[in-house]
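Chain IDs A, B, C and D follow the sequence of writing; residue 1 opens each chain.
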């Protein structure tokens, strides 16, 4: 554990650009403590964490993909697929249902990965195809219907508690740690960053680029399917047409606001979590003050711009 | 070293594969057009409902607003950028046009042009001068413009009606049985083609996307070019919104989500590289029409579960893009 | 009388003082050499002169009056034209468009007059010995031809100053002749030329004056003729040098009887390689000779699994790779240093440490977890051995000078413990000091029993460095020079097709 | 484990039109233009607006298809715009091009139908809009509207809410999706009536839940944190109310702590009354098939039909929820 390998020391970078997101989260929390009634209650914090958990989980996968200089638009559709499959297999027990929906993630990830790594499509296009088709398939599978979910084991994942924290939040926390560890400490993590830095060079250096890339897209899709099944558990129903709608944009926002550049070669896992929290707090603050979506959206826009401006990378060449 | 003083001749020998290269190149450039022609031919034979002139006119009219958005997107993507804000600008433009129509048709165009153009300027300036990624800047604009639209329409619940007769006629009148807006869009597309292919600005657009650093060192006004493409994209999205409002007779607020991705898909299907530096408007036109025809066909097939539509569209998108990639590769290997 | 003059300019990048109170004067009709080690600050000075960078301090005088160029365009309008170190044109645009970008001829309607543009481009390029379809994308031209286009573009505007940053690094000898012809012509027209190159022969052939930079400071400026080569190099490096064209020992190595460490048989790739075969024995340096486009890079890449092969076999230590892929090749002990360092070599966003360790991570880790201690060990060893100059192992490679980037790349290759080392232009664009280090390193590695394949368009380097030279023309092996035949004359003859 | 809502066909709940006021406007084929056709052989198009996640939509489509089958209408084309308005417009236009002789439309939005009207009127195609109304002129732009009295639904919800709260308390509204008369009228009907009958009931919170369950849940979760003292939630449809109930459970509330009143009459919502989580549900009957085709049949054979056909909606509360559960959809 010597020097942090992820981010080389940047004498040039101001403190603000490194820690801006965290600062913003702190400021917003402070504002709420003073100006929002009942903000500083355990139940409120709990709701915010519960609501942000699926976005965090999806954003983790997105961060990995963005680290390879890619992007994955299909995460919302993967959530929908996972959601659509759960009621179909719940009859065989919760384990079966969870496994099947994770498998759907693996399948989509493989398709994305192969299209990007082997066929050589640009990630945005490759995943656009599944963004469109994946949700369609999910809706076809579920016959477009919302299905109530009553399985107690599954519902426990969505609304149960473990040691005083929602299970959902535990899952997200464990995944955050796992992904952070993956990026910082493992061979896989470094290869991933190398691909983001210069894919061609990584290839010529004899690294298994195709394999790593496919794995990254599979991981991203599996994380999305976890988010999908947790959402089902939380909403206590499966609606393939609604689950994860537009989450790709929220996830990308979280990643980028958290300081991971879209140009690849670098991943900030904790920043991503902070980015997601920041956007969640913005929405919560607005709703709590009974401000309408119009205001929320305009404020979000401004915050994204400021956060990204402050954290923006200098050009290295 | 013994080297003769004779003047050097760097002759690029005619490649053996040059001819196949040209063919493959043309197919790749005009791939969307080729697919479009094939799909249309098959549909003409298979579906009687597809054959009518009315149906063709309906497809064209429906394609008019997406065409304008994709036109602007083509400029943006050729510079290596992306504009996610167009869907929101489109709805915003429609609402503004409907509201302003009480002051006449000119106002109905001027207001959306001014507002959407201004947002385009903001996008462009931020992207050009702060080096923030286009994806994220325009994502913020997507949110901001939608918020603005909601703010002026009582959170989307207030729908302004188009008050101006001329604007309504533009929306639903026709010349030679083809809607006025199709003619308008055709004219703008033609203009776009000339600008891109035959002006210094067009050359700058390609240069910026081909290699930003090189372009800057060669004296291309990189920043100005970037600002302009986002302005253009914003303006076209505003016009698209306005003509759609003219057609619907009101500033509908529940439109436009996902429109930016449709436009990107159309542009990419049309053979424009998302990495920038290459692409044509002709390709984009084919791409937009192709997507329109697919939607039309799925309805023609009749009572297929309409849920399949997205599945088929997604598969088609993948197919076209994969095919294109292989063609490009074939060309490189030659 | 000075045409262009800077006084005491400084420029600091994060962590590096790239220019430290540098003064420099260019006179009309003078060809002024700007020399220095990698990272000495040459490119930075040029960029300051041409408005790419703004100096932190210092004055710029142009044609007698103070000047300030905000952008490269300002400099261009003022008559300062530049050919940058890496070919800086737009590969996807046509040759003609590249030539005329920003100053396209226009018709009465204000639209670009394409016919005229293409005609003029054709005529103009013919003057530089380039005849090609000017509608082709520039990127499909050979690098040399691209460089000629860049030159034509630079000279085409009414330039008073032409700056060339290593213009010959990707030119073949005939093209260098053409370039020199153009320079002499400009010289005669009273145009001032700044010429950056690491090739001493060229400097002495074409330059009048010289300014030597070291670590961002001017250590000498004066007439080139008054400076011996040895003195020049000593000034550049800041230490004394002894005579010798290259740093190769010349001692023939390689055990003639040992089984080949690398055996290449019948490489075929459509239109590019035809039945290319050769062997490399342990301790032997085999040169690949040929003109640009002869297929040397393709051969090397194909062996390394990075180029599509229709057929062919590659064996390392008697083991057949069967359809080489980059992964398999590295595992088998083949290390390839690609020609294009920036695009295919370094990973600019990652640190020196990450770049060096990249290919051997599995060896430096347990159960997929990287051991930082072991990484540091390897990285320190190679940074010392190759004398890599970086602020720290954590500095991003993209911020290093070209020579140091090259060394980092070599370190990565060596760290894999290869049996065969394939080097494509290993000394291109690096300074004499670094070049000598790389060259003696090659000798050293061969002595340790590695089989080395060397591609270099520097004929001297190829001849002095190689024990044997395999000559390629149009993807076909047209001859092999061995023993006493390894001379420049024989090489030229083979390339020209006068012997087989 | 899932409850597949068994729609319309099963059980009762057929729509009944309110008796039209004397002298209410009617429309005949002479007024509207066009010619008589036999409904059985006519080409009929049905355009559904939203994805069918909502039982209301499922029941609506099913009812149209079942009734067509029952009446022997062989030429029925259905499309679903998946909540994309422009797609709904092209869907309908395409059906017009393909020569439909009758259009039944469940519009996504109340405005924006100019181009469709222009096309349809040129061919004199009768348009029946169901469930949501289009802001245009009946018997000219379109033939007739069949649906509920939405303002009345809002009023009835207000009455139930006031009753459940004992005329006192703080209420939140989960608004439907914007841009249609259903949301507008259910909101104004509710607010007006509350102001009239229970001025001590305060409306403290209003956010859109887009007629969707997940949105209803998310908004309620936030609402419960900022207004922990909330007493009642008015969901402008059942789906949002069901989302709200999930949120209430998640926040540790007991059944009945917060009074929930909503509109639609889905099985899930009526079951929630049985379970004690909801106080009342005002029905919005989606079984449009029989009434729509009956109206069309009359019109196409030359009889006059009403220009505004308002249906009767029942109501569920603790008193009848258990017994009437089977008539929910």
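What we mean here is this: a residue touches a chain if its C-beta (ideal position, glycine included) is under 8 Å from a C-beta of that chain, and two chains touch if they have at least 3 such contacts.
Predicted model only: the values in this text are computed from it and were never measured.
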>> Counting C-beta pairs in contact, which chain pair has more, B-C or B-D?
In response: B-C
>> From the mean C-alpha coordinate of chain B to that of chain C, what's the distance rounded to whole Å?
In response: 41
> Using the average of all C-alpha atoms in each chain as its centre, how far is it in Å between chain C and chain D?
Replying inline: 73
>> Nearest whole angstrom, what separates the Cα centre of chain B from the Cα centre of chain D?
In response: 37
> Distance from the CA centroid of chain A to that of chain B, rounded to the nearest Å?
Replying inline: 29
>> Residues of chain A that contact two or more other chains, please.
In response: 139, 143-144, 263, 292-293, 317
> So which stretches of chain B touch two or more other chains?
Replying inline: 155, 213, 257, 307, 309-310
> Which chain C residues reach two or more other chains?
Replying inline: none
> Where do chains touch, given as pairs?
Replying inline: A-B, A-C, A-D, B-C, B-D
>> Under the definition above, what is the set of chain C residues touching chain B in their complex?
In response: 52, 71-73, 76-77, 82, 84, 88-93, 97-98, 101-102, 104, 106, 110-112, 114, 129-133, 136, 141-142, 144-145, 148, 153, 173-178, 181, 270-271, 308, 459-460, 488-489, 492
> For chain A, which residues count as touching chain D in their complex?
Replying inline: 36-39, 41, 43-44, 47, 50-51, 87, 90-91, 139, 143-151, 159, 231, 235-243, 284, 287-290, 292-293
> Which of the residues in chain B end up touching chain C in this complex?
Replying inline: 1-12, 15-17, 194, 198-200, 202-204, 206-207, 209-211, 213-221, 277-278, 333-334
>> Using the touch definition from the top, list the residues of chain B that touch chain A in their complex.
In response: 82, 126, 130-133, 135-137, 139-144, 146-151, 155, 213, 257, 261, 264-265, 268, 274-275, 305, 307-315, 317-318, 321-322, 325-326, 329
>> Could you list, by residue number, the parts of chain D that touch chain B in their complex?
In response: 76-80, 82-87, 89-91, 93-98, 108-115, 118, 135, 177-179, 183-184, 208
